[in-house]
Amino acid sequence: MITDPLVHYPVTTATQVALIQIDDYGPWTVTPEPRREMDLQYLQASLFADFAAFVDGAGGYAFYGRFDNMYAVGNEIDPADFERFQRRVRNRYPVTVSIGVGLAESPVEALGEASERLQAAGSAQDGNRREALVIGDDEPADTGMVTVGHFDVVDVTGSLTDRENAIDVSLAIRRATLELATYLRTEYDSLAHFVGGDNIIAICPDIPPQAFDNAIEHVRVETDIELQVGIGRGPTAQAAGEQAKEALEQCRATGARIHGDGQLPADD
Amino acid sequence: MITDPLVHYPVTTATQVALIQIDDYGPWTVTPEPRREMDLQYLQASLFADFAAFVDGAGGYAFYGRFDNMYAVGNEIDPADFERFQRRVRNRYPVTVSIGVGLAESPVEALGEASERLQAAGSAQDGNRREALVIGDDEPADTGMVTVGHFDVVDVTGSLTDRENAIDVSLAIRRATLELATYLRTEYDSLAHFVGGDNIIAICPDIPPQAFDNAIEHVRVETDIELQVGIGRGPTAQAAGEQAKEALEQCRATGARIHGDGQLPADD
Amino acid sequence: MITDPLVHYPVTTATQVALIQIDDYGPWTVTPEPRREMDLQYLQASLFADFAAFVDGAGGYAFYGRFDNMYAVGNEIDPADFERFQRRVRNRYPVTVSIGVGLAESPVEALGEASERLQAAGSAQDGNRREALVIGDDEPADTGMVTVGHFDVVDVTGSLTDRENAIDVSLAIRRATLELATYLRTEYDSLAHFVGGDNIIAICPDIPPQAFDNAIEHVRVETDIELQVGIGRGPTAQAAGEQAKEALEQCRATGARIHGDGQLPADD
Amino acid sequence: MITDPLVHYPVTTATQVALIQIDDYGPWTVTPEPRREMDLQYLQASLFADFAAFVDGAGGYAFYGRFDNMYAVGNEIDPADFERFQRRVRNRYPVTVSIGVGLAESPVEALGEASERLQAAGSAQDGNRREALVIGDDEPADTGMVTVGHFDVVDVTGSLTDRENAIDVSLAIRRATLELATYLRTEYDSLAHFVGGDNIIAICPDIPPQAFDNAIEHVRVETDIELQVGIGRGPTAQAAGEQAKEALEQCRATGARIHGDGQLPADD
């Protein structure tokens, strides 16, 4: 199905990804007895809101991951910024966070590096690991253009939100997200994440438009859900993402299923 | 596989579920041009944090759903409370919310009713629908015991978090969640939702322990991921959920895969 | 100056006031070294925002006091509510709070009782005092009508905000606030507090309109600043305050310096 | 009393001060009817918390002023940062903010300039003024060293907090603050503001230690309250303030009433 594999495109750039992990969180949530569930929901959502604002300040994109393990693509975040975020968390919350940072050709490899570095610093449930910040000596390296694909479901309001039981709408979109994210992770070393509503954002290496077309086709075959995607490129996730959002507006306006800068190289 | 179907159990109680929807949110996010993505992430996460705190105050459990469509099980929330939440949102945020409430024998039916009532009040993208609150004349009816199953992954830290790339851990847990939620929705009219880390919470009608066993088995077959579950029952989601969390602690301590009040009827 | 002293009015009711104190806060702010000042500002403001929302849920009025010592008038707050607030703080913040509650004929006496009870439970800088909740055995007693005076500066925008250096506007309003609060505390056992902009809210025992007139005159003589006031009465601070705000709107509309229920007894 | 007037010190630097004003806030709070007071308290405190975090990111110090008029000393904040803050407010809150920025030899003059610029852009209650950002063409000029004095009350816990009615502690500290702020504004063109607890922070031009001694003496004579102060200098308010906090710790440790860099020039 993939006619235009990744290796045809010279990779000259790298992407920085950070993994943020709440220290010793599991034990904390049940000490001295299980804490109130809605308090945990409040804490996790607030922490992610703060994290998103922090990452935004550095031109990046943040994803809530599993809430106790969040991640961010932010090519211009420097170590002092991460320390500042750790300090803020310590001064605002009853928990602390450790951070691993990776830099690699693809977002998935970079997150893999970040994961390994954090794991090497101690277990997520090691009470002695507090506020580790592990960046590695390959930093700072040149980071390059980020490619962002911003997907949503074609006419989600008319076909789902205004018609179906909310649980079925949720399950349908979650299935589409999972199929898309798994496919993009496996085939294109990309990180895709649900961002609310019917929106999914993918952080990708320098992949061709055909890759996005393949992904949309894969989701349709597996789930019967039709996605569209706006594609953007830029020096930061924020710049690329903004372009992707504008491109998605063009999809909505024109009915095209794919729109954005990603198509330009195909014209060569 | 299900040897103990739901109909064997007399259903004498009802569950109240509320669906909260941001009014005209899609258009707002792109007017006059696409709003900054991290600002939207901040807004959605903050709104859910506030919603969780509100629902907690009424003894309920809140789930972020798709963030622009959140829901809550809260048997004791009355109309004045919902109006208060709408007022708070209006006075804190640049958006407003509409709310549909349903009451039915199962959580899924109740959310279905809530969805239909909200849909009847206007489209999610209808600029004229503002702060609708649709409860129906079947309220207030007696609500009864809520059953909560609190699931997590057996040894997630040792087997996944401390070993794998964070994206693969996320995808694995999301797949387990999706399989569990789809199965429980289809077979047992239950609402299951990811709540962070490796935790999934299900709001159920009065189903037997065998149902939870079936669900765990289904997830293992489909995803190779082993779940355990604590079961609780109580007059509110909060009370039932607290019991379920304590029961899950027993699973962790004893190695049992299922623990909790749900097992008591099985002794008969 | 006071022609209509308090004793002419039969006092049949009591007011409940709560004092909230961050535990061991001073030492925490400098351990292991002075914490970032803006982080402390963030923490204090967030904690007060949460406190205001909590108190609102119980029909009360909250004041930020000195931020590490906040207080609330909330006649219907019961002990379980205070425990819930303590739990939320513990689960959201890196600090904990102790609470003293007093019930007395006047707001000032009630806050005095609350202060004494908290002091008896341990010093504000005693590392061993954590989450004390001291209510006393005089509770629950009948609480009665609360009187609220909502003051602001006549034409503050035209005369100050749009004309003067912001620091001079601030100082002028702070001086008016201080003179008003000191006078009302000394002469009428009332608690007055700045609430933002040019607004000051006073929680009073059952004092006559003449008392408010005296207070306004006192501020004018001492500071040359002209205040107006709306007066409300109700079973909760919230109900009384809402009435006071509506009465203040009448002042703005009619040019009257005093408006509100407080005037009704004067017609007798 | 002032033996060492300001003009003896060559002023070679300038300070940047920003005034943030909620647009058309007064009318908004009463439209269509008076909004819930505790909702306003929540909004104002949340907005200030966000503002403090924003200003911190630029090395500055933020003060809540009157909440609807906040200000910040932040020598390194550039116009794009202010636009970013305006965008965040617009995307998080039901209100918007306008900003005036001034640059002058003293903090008071700078805030005066900021005030005038904002006033020239429209009234605080002009519904047509939205998100004005008025910086002036004198920017960017070189800003220099900032002097910060961090004051607190000697033994406040032992003498006041653990002994008196909380209202009387509040009033005493508010009176000390007001006397200090008025004196420093009049005599030394400095901005002083209460920051919680018993702490007052002053942003000063390049004044000698004698000035701080005079201020402390003035407060003692007027209010019988004894203050101590740590003094710091640095290129940003944050750097100067951190030094001042450490110097204040020295006061606490040694019993000295004044400590800090400000004393160094006196040795010449």
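Should a chain be cited, it is by its letter among A, B, C and D, assigned in written order, with residues numbered from 1 in that chain.
Everything below uses one rule, namely that a contact is a pair of C-beta atoms (placed from the backbone, for glycine too) under 8 Å apart; a residue touches a chain by one contact, two chains touch by 3 or more.
As the structure is a computational prediction, the values presented were derived from the model and not from experiment.
**Student:** Determine which of the two chain pairs, B-C or C-D, is joined by the larger number of C-beta pairs in contact.
**Tutor:** C-D
**Student:** Compare the two sides of the chain A and chain B interface and say whether they are made mostly of the same residue numbers, over half shared, or of different ones.
**Tutor:** Counting shared over all numbers used gives more than one half: same.
**Student:** Could you work out how far the Cα centre of chain B sits from that of chain C, in whole Å?
**Tutor:** That pair's centroid distance is 39 Å.
**Student:** Report the inter-centroid distance (CA atoms only) between chain C and chain D in whole Å.
**Tutor:** 24
**Student:** Scan chain C for residues touching two or more other chains and write them down.
**Tutor:** 36, 39-40, 42, 46, 53, 88
**Student:** Once bound in the complex, which stretches of chain A touch chain C?
**Tutor:** Residues 35-36, 39-40, 42-43, 46, 87-88, 90-94 of chain A touch chain C in their complex.
**Student:** Which bits of chain C are touching chain B when the two form their complex?
**Tutor:** 53, 57, 84, 88
**Student:** Which bits of chain C are touching chain D when the two form their complex?
**Tutor:** It comes out as residues 19, 25-26, 30, 33-34, 36-42, 44-46, 48-49, 52-53, 55-56, 60-62, 64-69, 71, 108, 111-112, 114-115, 119, 123-125, 157, 161-171, 173-175, 177-178, 181-182, 185, 191, 195-198, 201, 238, 241-242, 245-246, 249.
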